[in-house]
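Below: a set of structures, written as structure tokens.
Next come two complexes built around chain A: one with chain B, the other with chain C.
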Partner chain A sequence: MASAKKTILGLDLNTWVFLLPALLFFAGYQLFPIVRVVWISFTDFKYLTNDPPNWVGFANYIEAVNDPLMWKSLGRAAYFTVLFLPGTIIFPLLLAVLVDRVRNAKVATVYRVILLIPAVIPSTLVFVLWKWMYNYQIGPINYFLVEIMEWFTYRNAPQWLGGTDLTLPSVAIMEIWWGLGYHSIFFLAGLAAIPKDLPEAARVDGANEWQVFWYVIRPRLQPIMMILVVLRFGTAMAVIDEYLIFGGFNRAHPTYTWTVFMYDQAFKTGLWRQGFAASIGMVGAVVMMIFVAYLVYIFRSKD
Partner chain B sequence: MAASSSETNRYLKQKQNRVLRYAVLRHSVIIFFLLTILLPLTWVLMLSIKSLPDSMRGNFWPRRFDFSHYGYVFDKIETLPYNLFNSIYVTGATVLITTFCAVLAGYALVHLKPRGGPFIVAIFLSSLYFPTRVVSIITVYEIQDYLGLINSTSGLILPYITLNLAISVLIMRSIFQLVPHELIDAARIDGAGPWRTLWVVGLPLAKNGLVVVIIVNFVTAWGEYLLCATLSNDQLVRTMPVVLASAHGGMGQWAWPRIAAVYIIVVLPGIIAFTFAQRLFFKGLMEGALKT
Partner chain C sequence: MRKEQEIVFQNENREQLLEGKIDRREFMSKTLTAGLGLAGVGVAANFGSNSAQAGSHGRPLTPTFYQWIEDLHPSIPKVNSKFPGVNYQIAPVEGFGIERFVAEAKKRESTWDVYVGQTPFVEMTAMIEADVIEPWDNYIPKDVLDDMIPSIRDECTINGKLYGWPFLLDVVGSSYHSGITSKAGLPDDSPSTWGEYLARSQQVVDSGAAQFGATFDARGWRSLAPFTHSLSSDCYTSEGLFDFTGDAAIEALMLMKNIMRDSNPDILLAGTSDGGMNGTPDEVAFAAQRVGYYTKYQNAPLRMAQYWDNPDQLRLGPLPKFAGGEGSTVFWTTGAALFKHGKNKEKAAEYVKALTYDMQIWKDSLAGTSTGQPGQLPPYKSIYSNWASNKPGWLPDFVGLVRGQLDQAKCIDNHLFGLQQFIIGQSVWETYLKGEEKNPRVAMQNVVDAVHAEMKRG
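So, the complex of A and B:
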């Protein structure tokens, strides 16, 4: 009896039961929405009308590509990515190499726990925290610059998030702070996998610490670095929550990137042109994917 | 003899000094970074116990303390208990369901060897590189509207589950790869069905990965902003972070120290829970989470 298993599409019934919950949610809230967005981007779809949407071909895409704001907003996202990406790799790498050499187990644990604290602060709470840090009036950063160092007065103190040239670098610093511990732990895991006698052997051969790092350790961390660069490139280009919280929908604001542009068109502008918004989203996503493919290609060819 | 031994002594001492100097430098750099992590949080903790006039300045140590803000926010902000409950409810349900899905799917992908397995893994993996969350928001709104779930706290759970579903399945998959096939097969030969095998043999060995999946999902759901802000506009159905993000200081209910008190209440559970689970969390990260 036991061998008479019920099968559906060549799969054991039990296997389906195991896979189904994950597949259903994934199909319903990830796969289907993306396919549907692609379809919407070729129509004049609107939530609010009862008329069936009309197929408009590439009209939305032509409008998006010809809109200077599309490229300006993509450029802002790219600029932010350039500010953010090197810092979020280099600082954690440095920290990991240093923490990895702490021999006292208790001290090392304390270091690690503190390092990971930002990673367990939920995203929005990180943004609220840094909104305070950068606050013009009550923020501790300006307090330090004005009252303690007396480099500025409250009349000319920096407006960190106020839509100036400082805004995107400020957001980048916040994001680097946020990823500091989490990325360090990534690198620490990589370092733990390197046999201890390898750097020792290099030291015995007379290599200095820098050479040990560059020739022995760095190549072995390359795979982790690759994953981090590609993943963080993706998150940096597609940042939206913090831009909505810090900048809102002012088109001249540096935080008005393609993601905010899309959201603005879909949910805020009175026209509610979801079709156009979908095409903005798709243009942004395709540009991103091209760069992701390029990054993967660069890292691949080095092996 | 005496001369040479004093020479080696001097050499050893020099080397010792160098090692010591190096260690001091190393620990100072680490501690500098740790302080940049801790100082902002301590500043907010201090803000939450400052008197109202002191909260208008950015200094660390107030001239007068005021510990009443914590009591005040629960007494006077009527919506706060609702928002707090919403957060707990949505996060709890999301963590539970996502973990359940991830354990089953991760186990099945490794030990039940389904035919389309590599294809499923490839799709999940590629979804990590696509800006799905941002682009799909247009249609997720439409789906929720169609299902009548706009302005519904429970409705948020559905899209929340998928936020980290792919990565959770992949984490559980790489954790279950560490469980030897022989062990699973032995249980099967003893007559245990796949459910019993998973529960009795598989799950205890996947404990560390489970902690990682739970923490990752907790952090995402607890702090989610975009979906909640888009899919609801009634303060009463919203979660804590969305309310906090739109609070703006002033002198009333949402004066700075009071927002800070709410902030501390919201941020602390995660940090405390993590501190207790950190051993398992690190093990889980090292074992499998980082390999995907």
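So, the complex of A and C:
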């Protein structure tokens, strides 16, 4: 006769023992920081003072949503995301389809390795490289435009970085280049999972290569696209390192996004108003979550 | 002497006990050791106050330096060699970031004993507010204090206490590429007025001697403030903020716009390193020999000229004046801050004294080495008077010039927003420089509003 096992929330004790490490990790490493930031956002916590923080209710949130810089800086991040996200899908997908068609295994491996090179370069080197590439006076891009092609002079050549309209597109190009191989690998993995007889059958039925791609391959890559879009949407909206390096703290620059605004308030300005900075972060996070939900809806499986 | 050492040692033990660094058993045994007389003190001293290797607080003297200081002054390791066992480190600061220092101070601890890299107007007030640093007054020898140039001592003093031990002096002045200016048919001397400066700048461009006539660093403390001081250094409000709407600041802003007519078009963009603070477009233009005239602290043109075909073509001069202007400029020092929760404080003072009086560092800084010529000057009267009475062969002429400017120069007032006011304001006054706002007074009033709005937040 089997003895009745004691359960907690429908799970027996043995199960809880195995779950506990993961739960502790989740609570300590993910849940606690979020809860703490939420709590800070309701206080007047200033990091440079040793005064205990006071509960201020929604005052920080009211201040944040009424600050034009909050929405302007969110808009800048959204603009960058719009520039960047298509590049995480279109070019890597195209590249993956081309590499997938290489039949020589050794050559295909060489292509994959080459594709991954930018992804393994440390971020510092990537930033140094592109900052030099985009340099107004001594960068190779302007050298090409001014010295080789003579389309511009050094008085009217494009200013790629800093406070100009070209800044966010320039940063987006860098990011697309940086992630090209990494994103292509996602699609290559997706392509490898598609049975080879599916496109072959379509070809036998008279479909041309475009139709094979559009009606057979693309729908089966939809889950990969959703993962990429959702993941990269989050990282694109929350970019900060690149903006700090390429634009600094000039509030008029396109690189002064909500993340920089938050960092500026938390670690640079005045007594480091981290309560207010936390509310900026929470407002930004809520806006992002709304868009993520919409993206998940768009890319939902229609099978 | 023996008794004094015993008392110092016992006090240190007591402090460690109160801080929980040692337990009662260790306290008793150490105190007993200290009480054993000279032999005991000698044993303790091997681990303690006379050795950097094993500080009396259980760790060696641990200074931390802002990275660029080590890069520009390669003789620092030679000073370290005089302090056996010193735990020399590079500070976790970039673009004026002091987060780590503050975080440690909140826990009433510090990994380091002394931070070499503090610029008073930039971060000193914030470090005091956050209880990160303490004054040097109890540790700095009186003769050193009296040896400081008074204006520098003032710069490092808040409420009568010396929170910064000055080390490297920078003064904003002018410079020019004599190869370019002579090609433009201009005299080989520094323009004395801004009017002359602008006319010569235009002549450089018109003659085709260089692509750009003049340039400056767009950060307010490196251009707007010194240009303002050249008209009047009485440009700070009673609360210690820069008087953006004063006549002198308005004139300075208009001057910046006039200089920009013949400057490199990327002049307002961020720099390429250190959070956009360094590797700025003006430095790139000057290093690339594309500009004739340049205003910045002296170490910038000296460093950039190293990239020229002939670095000897660099000429330095004082900042030009406005007609009827005061002829002042801005200076600042980069120096050492004493961590309140650090250890080895007496040893830290000994170390900073050795560092700041080290003649090899000053020779390398001023005469240059294979790695560069930062040209940063010492903060002590005695060093200059020694050089005046017995001029070393390696001493370049610009030293007297820069030192001379210091007599007219003024530092930027210490304030929690001492640096931030310029960072916040830059995007606003640039609306005038870019032509988006026609009236400089309106632009500057907007700067004041923006700074006050931030200050109101706390």
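Criterion: the second predicted complex is superposed on the first by the 269 of 303 C-alpha atoms of A that agree within 3 Å, B and C clash if a C-alpha of one lies under 4 Å from a C-alpha of the other, contacts with A are read in each partner's own complex, and residues count from 1 in each chain.
One rule holds in what follows: contacts are C-beta pairs under 8 Å (C-beta built on N, C-alpha and C of every residue); 3 or more make two chains touch, one makes a residue touch a chain.
Predicted, not measured: the structure shown is a model, and the values here were computed from it.
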{"item": "Simultaneous placement of chain C and chain B on chain A, clash or fit", "value": "clash"}
{"item": "Touched partner set for A:Val204, first chain B, second chain C, both or neither", "value": "neither"}
{"item": "Touched partner set for A:Ile138, first chain B, second chain C, both or neither", "value": "both"}
{"item": "Partner chain(s) touched by A:Lys46 [first = chain B, second = chain C, both, neither]", "value": "second"}
{"item": "Partner chain(s) touched by A:Ala22 [first = chain B, second = chain C, both, neither]", "value": "first"}
{"item": "Touching partner for A:Met149 - first (chain B), second (chain C), both, neither", "value": "neither"}
{"item": "Chain B versus chain C as contact partner of A:Leu95, first or second or both or neither", "value": "first"}
{"item": "Partner chain(s) touched by A:Leu161 [first = chain B, second = chain C, both, neither]", "value": "second"}
{"item": "First, second, both or neither for A:Ala105, with chain B first and chain C second", "value": "neither"}
{"item": "Which partner, chain B or chain C, touches more chain A residues", "value": "B"}
{"item": "Contacts of A:Phe249 with chain B and chain C, given as first, second, both or neither", "value": "second"}
{"item": "Stretch of chain C penetrating chain B in the combined three-chain arrangement, among 43-51, 79-87, 97-105 or 259-267", "value": "97-105"}
{"item": "Chain B/chain C common contact set on chain A", "value": "47, 132, 135, 137-138, 244-245, 267"}
{"item": "Contacting residues of chain C [partner chain A, same complex]", "value": "95-97, 99, 102, 106, 126, 129-131, 211, 264-266, 268-272, 275-277, 281, 284-285, 288, 290, 416-417, 420, 423-424, 426-428, 430-431, 454-455, 457-458"}
{"item": "Complex interface listing, chain A residues touching chain C", "value": "44, 46-50, 63, 131-132, 135-138, 154-157, 159, 161-164, 244-253, 256, 267-273, 276"}
{"item": "For the chain B and chain A complex, residues of the former touching the latter", "value": "26-27, 29-30, 33-34, 36-38, 40-41, 43-44, 47, 55-60, 97, 100-102, 104-105, 107-109, 112, 114-115, 120, 123-124, 127-143, 145, 158-159, 161-162, 165-166, 169, 193-195, 215, 219-220, 222-226, 229-230, 241-242, 244-245, 249, 256, 260, 263, 266-267, 270-271, 274-275, 278, 281-282, 285-286, 290"}
{"item": "In the complex, chain A residues that touch chain B", "value": "10-12, 14-15, 17-19, 21-23, 25-26, 28-34, 36-37, 40, 47, 91, 94-95, 98-99, 101-102, 109, 111-130, 132-133, 135, 137-144, 147, 177, 180-181, 185-186, 189-190, 192, 224, 230-231, 234, 237-238, 240-241, 244-245, 259, 262-263, 266-267, 274, 277-278, 281-282, 284-285, 288-289, 292"}
